[in-house]
């Protein structure tokens, strides 16, 4: 049906891409495999194929399952638009809207919702292949996966579209994988945007992953990968970036906006970098290094924590109080160098009330090196707006007289020893046992 | 005329893409809109389309106007070549040249020149749509927009091709926009390469924008955007990157070469990052933070200031003297950490003559944190060459004995208090009121 | 044969792309040139063309030679898989493997092997054009070049596939070039992946270059270029990134894994950046600045040096002992700021036996600024495994009790003066003549 390994979903004789793109993709993969039967001779291999999705709305009611290497699925438009803003527009104003939905080369994940079901069953695209070698060089580029709606999760949230729960995933990679690429994608309104197990030499580059419960989850273990140059922002319960037992992960040049329970959350991650990211969050616990995450370098990041300005989500948060720290660390031998922290908070919202917020919190660990971090803290009157958009613009254009706020720039808990804190706060701002940790206060006037 | 939202300008029945690509694109957009009339039912939206420009020369005499979301315009070649060098080749040598013009998928902006006219009228591509939601996810990728010629601007410049003035713009985005992407583009010989108002979640990534009066201007206000991994260099009067009232802008991994009155110029920009860029300029004022630009992080950048080596542009500059600073700051709470500055200057060119050049200049502001910046200053004999190319190669391969030059590494003006300067110069090199600003000199032998 | 400058190798009447893609590409280029004869009038130029390689296996027995600007060669799959792991699988297990070869849009470099011949003769793609202007804006994107096999090099290596020698190159750019782009490529099993002379405004972005003798070599001289966001790893004798007489090179956001004699090796490179990279190597000499490499900024990098875990390559190394330094510098005025170093080494493997390993080694040079570097050193029992993959996973999931190891964090040789070392080790860890170099030890408890 094709003679050169190029497949176009709109020109395929099996199935209907507009009503079930999953069936179309699966039949293409079956075709690719049938054509590979006589290869692997004379250094000739199984080169794979490219499946092209022109701009269009493609409903998916059958999960697409990938079990061959070298498959590229490519579209011509990441198609992001803010469904969150749209779903909070009063019903009678919707008729005036230019568009109601995301666009581009868009897959509508219409899989049946099962918010307590097997996560993998809700994935628009599932990658799974066991055996050797690991599945390699699968690429996803330039299209949109839209989860369409969030649903009532029993939490009592008045607008179910604001729950960030729907049991749906964009792409779920279940098997160990090598040299995968995810670039230029748009992922929206999915409880899990991108879930990847056992990644090696993975590239997640230049995507737009937002209004998802969780954006990117790197699970199990993994190594030598990069998450770079993405725009991301998870829901209030989820992670923008999560990684587990990873070594050699490079997270750089990302612009991560709210909400996200954590912007970046590590468990047992070692010898990795979080550098050069713009991080903005409405709750503490922006970057969390847990379960002995060690020998990581956290440098040149800009942390901004301020208050949720949008009325419908005022009651949401991640449950952490302001003593938790914007950067929370449990682990050894990490380097925390040259980060900027802006803590902008209205005194009435500080929890516990009257507390002095924590910026960097080392809960346990030794021989961490914390140097040249600069924290700015101001007590600012939080403005709340019914319009998310108006609130944002207002914040950009208004200069307000604010007073400075007392914070603990570095808090090191008692069990931690042999850490070094340099030029990251005054003697009063750095709380630790200075007889067992080295300290040089930032010079004061 | 298409049944899958893929448009090829060379295969379209209306207009002639070679004589007026603008008419072709506009008729395609009209077609897309006519086909969207019956959508927006059953979660189905207005997915947009892709317009493909194969490699070719496409004259534009009608402005292309975009007022739909999810439109991608894509080419197969950014097509940059240095017109500046070419236009300064003696006429009798032109016959020997392999090419006279940029190439790739190239739009020739033939709009009538009006150097004092409405800027927007000179744009090859105009994006404008008011109402809700904001126009979203328009993408430009992989093609070239060429302004062709600069013109006599009345300044007396003997070669009008060196004025950087022609009233032309590449892409002008007039309305508030969300999640736009500009990637892999080439923009050349335009007075304004890319002008964008009210950007949210914008991506300007991996482009080549050079020999433009100004490369990228982010105007009005904007937020949560990234300008990453670009090659850029503006003309002597313009900005390589300009931003106004922006929050959460990430400018990283760019290689910004001369000339540019400023490499990066901020007005009222807050909580943004300038990190990890290579900056090369022929004039002071390389990075300017004005109008209370605050809480920004400027780190891990390499600043090189040396003298214009090319004969035709010897007389050009941005009018600033060497006391102005390579990095100029007016604002509070900024973090300036771990930058390298190379100041290479022939004593005869220092202005005012005999002055001690300034590296970091804090003209007003409090609680800025300036740490671990390293300035190298050498008095070097400037070589001037008729050939831009020869001058460059010569500079790479020649090691010259130079003497070190006395500079002020940090200058803080009198009205500024509570700033902190650490390890960024000796006591003699840091000029400020040390009774109201904190200071630790770089240790000396 | 085409009327819009778009060429598809599978639809071309001359030659057979599956048996000799080189002949097909060369005949396309001849066609492009014949069609350009009547251009360059009315501002109309020679726009070039795009040559498309669908996914497929394309043998190359004729070298492809490019001598026109604005040519883009593009595929739909970088196709990397680990041949190294595959070639070390026992023969009787190969029948069970899913794939035996890399894939995607794959060029099989079948040029005759001449391991002592002219390097350029072994290049799948050669770019060469002299005269003015320099050849510009050639682009390579999204395909794979596979060298297929390494060969017996007379070294006595029992498995010739592990020699990293075969006289083959992926792309060889012999002439001065401007604004070239190499993006999204896969390069594998080539003695030289990418060799580029005299580069200006080059982009090497987001590629996968691994299991090559050398990955990227920037030779002769060059300027104003970027090597960003790549996954790379050379063989035990070669460079992952090499640059010579370069100015203004930006190397950032790369994840460079073993083996590589050097991860990054500079000769006479000035005013360049190595920032924000993840570097992992099995030998000292990870980053080397030689031949008066000066005024460079090396910041925010994560260096990991540990022991080769894979049995077949236990005997390989780059011949350097542990006194050489992970970062080795010969040059002046460099800034070495805020890097993290993890040195993980089994005492039995330290060479010379019993020595104290060196982290940063300044062998000669003055006025270098070395600040805020954090070195972690642990004596760990090295585990060796027959399975490269198993070894990697094991390392990720095992936490082992280790003891800390004494190292020299900074060693400055005698001839070097006026350098500054701040907060980069204790008095005991920093070895230099402290009467001619400035020093502030990291505060100790």
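Here the chain labels run A, B and C in written order, and each chain numbers its own residues starting at 1.
Operating definition for what follows: contacts are C-beta pairs under 8 Å (C-beta built on N, C-alpha and C of every residue); 3 or more make two chains touch, one makes a residue touch a chain.
It should be emphasised that the depicted structure is a prediction, and the values quoted were computed from it without experimental measurement.
At the interface between chain A and chain B, under half of the residue numbers appear on both sides, which makes the contact a different-residue one.
Superposition of chain B on chain C using C-alpha atoms only gives a rotation of 120 degrees, nearest 5. Work out the mean CA point of chain A and of chain B, and you get 29 Å between them. For chain B, the set of residues touching two or more other chains reads 229, 253, 276, 300, 338, 372.
On chain A, the positions that touch chain C within their shared complex are 3-6, 39-40, 43-50, 69-70, 72, 74, 129, 131-137, 139, 178-179, 181, 183, 200-201, 203, 205, 221-226, 228-229, 245-250, 252-253, 270-273, 275-276, 292, 295-297, 299-300, 333, 335, 337-338, 367, 369, 371-372, 417-418, 420, 422, 435-440. Those residues of chain A that touch chain B in the shared complex are 8, 10-11, 54-57, 59, 76-82, 85-86, 89, 93, 96-106, 108, 110, 148, 184, 186, 206, 208, 210, 229, 231, 253, 255, 257, 276-278, 280, 300-302, 304, 338-340, 342, 372, 374, 376, 389, 392-393, 395-397, 399, 423, 442-445.
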